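Next come two complexes, and both contain chain A; in the first it sits with chain B, in the second with chain C.
Up next, the complex of A and B:
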């Protein structure tokens, strides 16, 4: 169909096509822009605005100042809070990624072999994922309870082993918190990895088999390279999710003992809801945003170019 | 025949409807008919019909039913707070500042100064007589009175911390810190886990421990509200009180897990499981222990005043709950005051055996004539409320952090105390 014939068939597009212009996208985008602006952008702008004030929850109008930034970023406890956040995030992300991948591999493999229990495994992991953070924290608190009737220590005693100071030893408590977070978050990684594994072209495995590749070689030279984009995207998502986690920690340890498990998100929560310092909480929220964006950019740099496009 | 059938049918219908009407008057989130023309939103703690204790729940259900029957045309919408009181109160303060607070609410006495400072509370002075206000204990009256002399809440219950013990294992009440350590070690020898107390990131950690500091004459803040707990006059007392707890843990008189305890329920659980014979708890736990234990087991338990560095240097923290009004509607403010008066000022104290804040109520209700409550009332004489200053929540936060470091051996006492003091002063400078 020639251009003139098309113009005659679609008269309402005539003007735009005649002038070699596409219709304006704004009428179509406005609803989304409005919703995003109202529900997402406005609160973010407000956080930035508060960060340049000295507002508290206690009253007063506050005034615009840069001193809140200087004050918050030079607090002596901040380096420790950031270190605790780093350990918690790194431990959780690595744990969730590795165990999620392992579980997805097991599920895919067992599906291929029609093994009994695949659905049970998948469902069990998903149950942990849907448990609210606070509830998860309480469940683990009961398990880690160091009283003579505590869950895990009772099991250890039954097996003739010494009880562990899961929550009162500053060197152990972080790993207890990481364990509870990995338990809760692994299902998400499993689902992402499972979907990515299912999307791998089976002919790649057939070709590898023809070449005589072992199972280990197939994992390292076919599966993992094919999963790379999914792994990176998953890591971006679970890193941001972990950085924002505070509900599970607050119900498990409250950030203690001392500040041993006080991550940045919990510290921000405490600053706003316990110290009533809205401006300082806003500065810390911006710090969290910067860290999340920075990490996302680092991960994105490792994405294959075509995936980024 | 037809007539009698109709009568029987009508009677059955009426009888069937009665429970429905009764049920409809109180639901989990409403008291009063759903179509009542006037409604007041009341945000409350577990001190109400939804109490987890069945006896208290039944008692409150009756109190609320009688109340709403006495005030026809009203409906109370009940909003329950979670157990995280600090967070709940902070959220409510934020809502109040934005004009979205409930009409009436339970406000924890230790954060009441923040609400008064924010100017979000309505005066309740017109609804209470001078005699009623004068009957309040002085620390209570001071706590609810604003700078303009008006009262901005009704503080209806108070509490205090005591030392609970299993008489079979610890027959005599420890009066000093040294006695307490010896008694705790004795309980460890008897197979118990030693003395328990709140020691995690929790308001109770700071508050339960502060009696040890106050008993020596220590001061948290000066008259201007500035932290002074580790200045030249107070530092030694503060360090000694921290070292008392530290020594309990390091000597094995208390398990290290105290650094993870952040709930009075954990202490009840240990007592009920007979794994401890000594713990620092609140007066309200006495009734909880009675409700959760067999009578023979409960008979083994008693309590005494918190020990001091010497027997005559003792103190204890006193807290409690208030009812305050946020509504701009004078009719709702009055209803809020009426609710405080008719349900909480006396009847609720008697129901839950929560210590009243008015001296005359101890004589009015028989429950407060019991030996246990007389002992609590006596201990109240050395009671001390948390200072009603804006910096208190941060001081408490710093004490909790410091306690965690000290009890787990992560920091030396002096260094931890100095860090806490500096952080509190920095926070004060930012206020």
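Up next, the complex of A and C:
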């Protein structure tokens, strides 16, 4: 626009300006394209190829076959694995989203009223978020320990309550794992919700106040509708994050007792690297990809039109 | 300002909620610290010795003077720092191009790069393990670093692009008119001005590298090459109830560097993080 106007006025500069104006981006993108191609695209294509073979990690070239697909998808343990994955993901995502939102609301309100302790709370939650997954699993294993040095049972005993079999009772263990995951993941949701709350136009609240809205009405008719896109984006991010969680579970329960906490990613890992069944693991990998993609599309469908871009 | 009873009630509820959340988030870490400072006898006294009567640093000394742990820590430092540098070298030019150039299907390229982040590292590790084994890159820090870089590149590209968007384009234009070419504009003007963005991207990538488990667990088998994430996992597997205080100390030592790195640059990291998430 302005550049082209300038160019027509100064024709002798045209060639030089045009040369700089439309540089090819591809030399700049080349390193990223190479790395992503070699380490993501090519392996993902190969996963699809492996899924139609009977390859193992023990060597050999394998043959092309369709039976791996049929074999894996009809395994008797698969429904149980998928159910465990669903409970773990839904529990973690709902817990992190709700607690993260509640914390952000309280922190914003407290900051407005100059209450003490908001920074301490935020920093503490974020420290939990920085703890590596493996270490998080080890820490929670100490807390859940049923020996006298278990950090939760000795607290319960102090308050005169009965100890809980956090990790050995198959009906309880899933909630223990969800609890530890909520501990580690909530800070992210809190930070996203906090930023989104800060971005709401204050004049909306002024208008609501003029109209005589109560605090609850402001929450339900101003705040939450305004937060909708941020909540959906956050849910996409934490859902995928949770589906891929692997290290925090392997060091906390290892998938046990029995198969009570063996989520899909852990199961895939075990199939490939403990049973050396590369082809079956590839089918499970495709299943993981399809589930994350499907969920992302479902959430995206709820986004307002102009946010889709 | 007058305080209505309603506001005061709200304050009390806010305090109560914040206190409960604070206990929830801090208790595991307080417990870890408490265990790490105890002697073997006090470990079995549970919560009544939250503040140990005979605190000791022996557990830390034991971990830090052992033959393996210092090696694990150094390996983790090497892997995470080198991969963060590699990430920046690869992502920065792309971030500049995304921030400054207009080209066909730019949005699609950017979304494509982001979409890779949806893929679980486990999925790509299935074939990568096979390639690495064939190339003889098992037990090589080089191979592991390359995978770390690939895992970090999408986010670093987006972070840096977001930061560079905040630098006025008129600076580029002025330099171009003065006869700089694009490359020297990028290296001499945009990169120095992006230092805060580069620093936060670096720290985020270092923390992510420090937390890596799956990739080194699969690609590194030699004990002398293993980083702390894998080292502590294997160490935990060999411990029993009588050495839980040593495990706690080891765990604390593995966590603290990441926490310090984060706290040092908390403000930068948070603004980088939320800029991405809120813009969508």
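Criterion: the second predicted complex is superposed on the first by the 271 of 309 C-alpha atoms of A that agree within 3 Å, B and C clash if a C-alpha of one lies under 4 Å from a C-alpha of the other, contacts with A are read in each partner's own complex, and residues count from 1 in each chain.
The rule is simple: contacts are C-beta pairs under 8 Å (C-beta built on N, C-alpha and C of every residue); 3 or more make two chains touch, one makes a residue touch a chain.
On a predicted model such as this, the values are computed, not experimentally measured, just so you know.
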Handout entry: Fit or clash between chain C and chain B when superposed on chain A
Key = clash
Exercise for the section: In the overlay, answer first, second, both or neither for which of chain B and chain C A:147 touches. Expected result: both
Exercise for the section: Using the touch definition from the top, say if A:259 reaches chain B (first), chain C (second), both or neither. Expected result: first
Practice task
Scan A:57 for contacts with chain B and chain C and give back first, second, both or neither.
Solution key: both
Exercise for the section: Please work out whether A:294 is in contact with chain B alone, chain C alone, both, or neither, and reply first, second, both or neither. Expected result: neither
Exercise for the section: Figure out whether A:270 sits in contact with chain B (first) or chain C (second), or with both, or with neither. Expected result: first
Problem - Partner chain in contact with A:225 - chain B first, chain C second, else both or neither - result: neither
Practice task
Using the touch criterion from the header, give the chain among chain B and chain C with more contacted residues in chain A.
Solution key: C
Problem - Location of chain B clashes with chain C - one stretch out of 6-14, 96-104 or 186-194 - result: 96-104
Completion exercise
The intersection of the chain A residues contacting chain B with those contacting chain C is 57, 145, 147-149, 250, 272-273
Fill in the blank from the handout: Note: in the complex, chain A contacts chain C through residues 20, 22-25, 27-29, 31-32, 35-36, 38-40, 42-44, 46-47, 50, 57, 99, 102-103, 106-107, 109-110, 113, 115, 117-118, 120-121, 123-128, 130-135, 138-143, 145, 147-151, 154-155, 157-158, 183, 186-188, 191-192, 194-196, 199, 229-230, 233-234, 237, 240, 243-244, 246-247, 250-251, 265, 268-269, 272-273, 278, 281-282, 285, 288-289, 292-293, 296, 307, 309
Practice task
Write out the stretch or stretches of chain B touching chain A in their complex.
Solution key: 84, 86-87, 90-91, 93-94, 97, 114, 117-119, 193, 199-202, 255-260, 262, 266, 269-270, 273, 275, 390, 393-394, 397, 400-402, 404-405, 407-408, 410-411, 419, 422-423, 426-427, 430-431
Handout entry: Residue ranges of chain C in contact with chain A within the complex
Key = 7, 10-11, 14-15, 17-18, 21-22, 24-29, 31-32, 35, 43-48, 89-91, 93-94, 96-98, 101-103, 106-107, 109, 113, 116-124, 126-131, 146-147, 149-150, 153-154, 157, 176, 181-182, 207, 210-211, 213-214, 218, 229-230, 232-233, 236, 241, 244, 247-248, 251, 254-255, 258-259, 262-263, 266, 270, 273-274, 277-278, 280
Exercise for the section: Over in the complex, which chain A residues touch chain B? Could you list them? Expected result: 54, 56-59, 71, 75-77, 145-149, 165, 167-170, 250, 253-260, 270, 272-277, 280
